[in-house]
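Down below are the structures I want you to see.
There are two complexes below, and they share chain A, which is joined by chain B in the first and by chain C in the second.
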Partner chain A sequence: MIDFTLDEEQLMLTNAIQRYAEERVRKVYRDAEEEGAIPDEVIQAGWEIGLLPSAVPEAFGGFGDHSAVTGVVATEAFAWGDLAVTMSLLAPGAVAIPVLKAGTDAQKEAYLPLFCDEKMPKIAAAFTEPDILFDPRQMKCTAVREGDQIKLNGSKSVVPMADSAETFLVYANFEGSSQCFFVPAQSEGLAVGSREKLMGLNALPAFRLTLTDVLIPAANQLGGEAGIPFDLILNCSRLTMAAAAVGMCRGAFEYARDYAKERVQFGEPIAHRQSIAFMLAEMAIDVDAARTMVWEAAWLMDQGKGITQEATVMKHFVDEMAVRVTDKALQVLGGYGYIREYPVELWLRNARGFASLDGLAIA
Partner chain B sequence: MRVVVCTKQTPSTTAVITVDAEGKVSWDDPGGKPNVVNPWDEYGIEEGIRLKENHGATDVIALSVGGEDSKEALKTSLAMGCTEAVLVSDESMVGSDTLGTARILAAAINKLGDVQIALFGKQAIDGDTGQTAVQAARKLGWTPLTFVSAIKEVGDGSIVVERMLEEGKEIISAQLPVVISVVKEINEPRYPSFMGIRKASRAQIPSWSAADLAIDGGIGAGASKVDWSQVYGIPPREGSVEIIEADTAEEQARILVDKLFEEKVI
Partner chain C sequence: MISFDIPDSIKNQLQMVEMVAGQMMRPQARYFDEHEHEIPHDFINMMWPVIKDQNKRMLDKLEAGDPSPTASGTKKANTSILRLIMLIEMLSWGDPGQYLCVPGGGLGGAAVESVGTTEQKLRLMRRFAEGDKPSWGSMAITEPDAGSDNSAIRATARLDEAANEWVLNGEKIFITAGALSLVESDGFCVVWATVDASAGRRGVKSFVVEANTAGVTVSHGMDKLGIRASDTVVISFNDARIPYDNILGSPEVQSGKGTKGFQGAMRTFDASRPAVAASAMGIARGALEYTKEKLAEVGVTVDYSKPRHLQSAYERDLIDMEAKYKSAWLLTLKAVAAIVHGRGNRLEASMCKAYAGSAVTEITQKSVELLGPLGYSRELLAEKFMRDAKINDIYEGTRQINLLIVARSILGYSRHELK
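== the complex of A and B ==
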């Protein structure tokens, strides 16, 4: 039987992150969305909590082993504060965790210590593609072997912090499977395009990336010739994104619940009306159900089990749950929900992105 | 240089406090975290850690008097970056007033030995007396430096600090050892890091009893000079709303000003 009790470490960690989310993130997230930038000191304070080094073994500068369960409970607490801040903080994990799971010894030695530094490393994963039929298992970006080199061609979208990245981990179709490659930002043929204009997540600096006959050493393939277990990496990402959705939706539910208890109309709080109370109950059920699916999948991953089926079911449920819950939160607020001064319209815009975003962050 | 940070567990700032008919106080927190490190003490903990990072302190020891649940506050201190933690806990200490607590803390600080600076938050948010730091200084025979908003220099057996007073700020120097109480302007406390949390969760925190300490003077409820003769909840404030009706905004403003004069608000 699964035990849902968090251990002392996980409780202390989530308390620390929840405080950070309340005291630092919630104070800036709305302005950050409007201005398109998150204050550096807020990111630095979140980075100093040190979630990623906890996944890195001591031999590489960290202090532990990766735990998917710890990752998802931490991600939920971060995302309660704000999704863009969460994606900014966890984006480096989309490089670190694949290196940890699949890197060669030399790659682990070269890259993992970067993620244990006091400053966030300038390295980004380029996963998503600007294609309406984007399929992570059949990427359009190609990698072709040419002697002892690899030639990369294609486009990537929503690459976080690409404007300041010094290295990219680029995913591409290589001999029929999705693999990834370290590409220096200065490589000839690599161009960082304009900043993405997204429906939500405006505070996250995300960019297009184009690769035109970019040549890199064959040794830059993550995992060497063995490559990566792509489903494992994809499932790690999906766990993180789903946990982020749970955190954001918990925030939306709590906001709508508190509003409904305070907003008096026709002589009583609107929460007393069945039409509102039922919506709040359905939101709570949705968030709890999603969390259970996320925790179960994460727990199975920590047991060393394959979770592709669970992660697929979870993703399908969570992507739709996020839109349902945030839409209801907006509905509870009525006309106020549509006004940008209130946060729920941002949460609804952000929620629609979960169905499209893979590979953005891993915790 | 060894530094001690005195800390205690208090109800959280968002806790809902209830007082029953017998004066028994209880509290719960809608966020599920009814107890926290006294928020003022967090500034003391942060300053202790900064003394290690910036002024060569070798040890930063968190010290608390209380029950087993006080270990939570000590673990948070360790997770933030304190190097050691000690709990002082004994049935005979229950009900101590601030002077009794100061006697216990002074004895524990003496037992730790070679301490040059003892840091306190300026007060605790439960009792709100703000007396313990000064009383501990008196018992130790050390200089008390209260309402400190910055530690400017530490070295050669002396310390220079900035004090924040109602009239302004003042810079003063004193010979070590000293007891310092800090105000929130001194720093911005860091969040516990995951590495600190891992160390804290594995730490064995020693617990000292009254028998382990050479306490000078009475402790516990029997020795307390303070008698909590009556404890009661404050009745909710009552108010009323009056909408000022008039034909023009100017007339409304004039009526408003008259009423504010009547109520002696302006």
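== the complex of A and C ==
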């Protein structure tokens, strides 16, 4: 029966994440953005909530099964705290969930236990490319079979924590479709480039990556010879990114709402004016509408349905919603919205990234 | 638990309704658009037995002492509201004008259901559950000088204690199915009137005025932009006398800040706003499907896997329409799901109404644009969808009134703080 409420397990999980977001993340996220680094202990505390192990079956060291719905619910709660922290915490999922969904048994046994450790594994997905016409289904990075090896060439961008990664899951065009490959960081021809300077998300250490005739064993292809159903992975990432947008925008809405009730001009709170109050009402509706779309797409995925159409439509909506809502939040704050002492300008900068960043994180 | 599952029994019923909507309503939709004030009798006669049986089942249950579905609270999921919403969506997909002619209690019946006593329900609702001829219920709130501000209502109800009757005077406008309820059938109209004009909204009560009541004059139907199959009338009351027991809720004017009686009347909106949103979404889905179908005939289709730089403007627009449709429909279902599970939905009801009204307006306007010169032609249905759609942005509270309700709710403000 149709229902829009969390189950008990999801409630416990989101309560734990909400506490973490309030008590740890919201204390540091502004400085983290300015300094370009998130304190290790904050990341560690977030990792210890154990979202990823809860999606990995016991046989591989975890204690549960993956649910896209639980993933988006948790992601929203994390992103309410901060987007860069959320992306840092969910970046390993961009390797683990594809392995879980499409890996061979041997790959599951080799990799999944790494994600159930007390420490975050040093492994990163390399998805996006530094290309105006980037098309995830037609990547410019290439993978070519050479005997029982694969040769990789191309460049990737916004690869999270690439400076400390020991292994990369690199996406490339292989025989006409987007496939991905495990590439050891010390491979010859692989170079971690400069740190990305992005419009937002500056607390997330993300890097360029170039691959020049990098040779890996053919067995390093995720899913073995069968490869991966790329749309499934892409849609997983879209769900996570969209849920993150919803969480961040909920935070922006709440902040603007509270500000509007406290800010007094002409002798009364500005929220007494319809011009302000209506913006807030529209923001609340926008965030709620976006959330229901994310939930429905996630639920369909959990039912085993292909959701490319739904995910495309949903992501189109959410990407624009994020900019609409954070822009209105900034507008409610007026001049203060433009000042970096306040968080709202960061949310607007972060919001614009959703249309461009796929494959960064999966929950 | 988060779920988007619709019970099979509802899905199955919807398939049958879809046949009526597609094979009967759609083909004659244009005719009734161009012959305003004609009544779609064949559609009405087809719907009556179905509606009648459904109402009979509910009434029989109530008579047997079962709690009414609206009062059953959290005990058991209340699927009847979900069924109704899905039905409204599908009928509006067929033709929103004809949908508004579906016999039964309508908004007036909903008011009796939500605030009436068991005695009132059994006495007043029986007409929608039996008989060879269909009957309708309607609701009269708006007056020439009381639109969104229904505390400005000037229609009066005076108690004649000797006769134990209420005496109604005043003029009501914009009454959907008003003629169907009072002229074409032995139905009733729920009329909002004040028992104490000095008490503002506290004095406003609702009264059931049955067909054939002396002193009630139903005017000719108003001419409208769209939903032309639906009759919209003006009703005047000149010393119209109704039984004392036809008042819904308490006759007391609460002193001080209490507005309980008024809030009771307002409770009708918690279900009727999602219902309007659902009707809007039926039109939106209809327009979207129609637009895609017409574009496909000339070779324009949507590829959901294309990167942005290869998307045509058409594709982008269609995806945008689909996104607006989907988000508004899901918000509507969220407001309905709250009722299904016995939770309050005042905020969600206004959210979905405000949003669905604007979504359907934008979707149908875009549809006319996308279909070029033929989109503007009355040869196709796009322009009709656009005209029909707009009412959903207005009735049951304009978009702005609903935004005001949402804003007050999220800010924790009263109407004194946020005017």
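Miscellaneous remarks
The rule we apply is simple: the second predicted complex is superposed on the first by the 362 of 363 C-alpha atoms of A that agree within 3 Å, B and C clash if a C-alpha of one lies under 4 Å from a C-alpha of the other, contacts with A are read in each partner's own complex, and residues count from 1 in each chain.
Heads up, the rule we're going with is that a contact is a pair of C-beta atoms (placed from the backbone, for glycine too) under 8 Å apart; a residue touches a chain by one contact, two chains touch by 3 or more.
Computed from a predicted model, the values in this text were never measured in an experiment.
Considered on the superposed chain A, chain B and chain C are sterically compatible, since they fit side by side. By the touch criterion stated above, A:F134 is placed in contact with chain C alone, chain B being left untouched.
In the superposition on chain A, A:V264 contacts neither chain B nor chain C.
Touched residues of chain A were counted for both chain B and chain C, and C has more of them. In the overlay built on the shared chain, the residue A:A16 is in contact with chain B alone; chain C does not reach it. In the superposition on chain A, no contact is made by A:M199 with either chain B or chain C.
Touch criterion met: A:L51 reaches chain B, while chain C stays clear of it.
When the shared chain is aligned, chain C comes close enough to touch A:L280, but chain B does not.
When the two complexes are overlaid on their common chain A, residue A:T292 makes contact with chain C while staying clear of chain B. Once the two complexes are overlaid on the shared chain, A:A106 sits clear of chain B and of chain C alike. Put simply, the nearest alpha carbons of chain B and chain C end up 10 Å apart when the two models share chain A.
Judged by the document's definition of touching, chain A residues 7 lie at the interface with chain B and also at the interface with chain C. Residues 1-7, 10, 69, 73, 133-138, 231, 257, 260-261, 271-272, 274, 277-278, 280-282, 284-285, 288-290, 292-293, 295-296, 299-300, 308-310, 312-314, 316-317 of chain A are the ones that touch chain C when the two sit in their complex. The touching residues of chain A, when paired with chain B in their complex, are 7-9, 12-13, 15-20, 45, 48-51, 53-54, 63-64. Every residue of chain C that touches chain A in the complex is listed here, in rising order: 1-7, 77, 79, 82, 304-305, 307, 309-310, 319-320, 322-324, 326-328, 330-331, 333-334, 336-338, 340-341, 351, 354-355, 400, 403-404, 406-408, 410-411, 413, 417-419. Listed in rising order, the residues of chain B touching chain A in the complex are 31, 33, 75-76, 79, 190-195, 197-198, 200-201.
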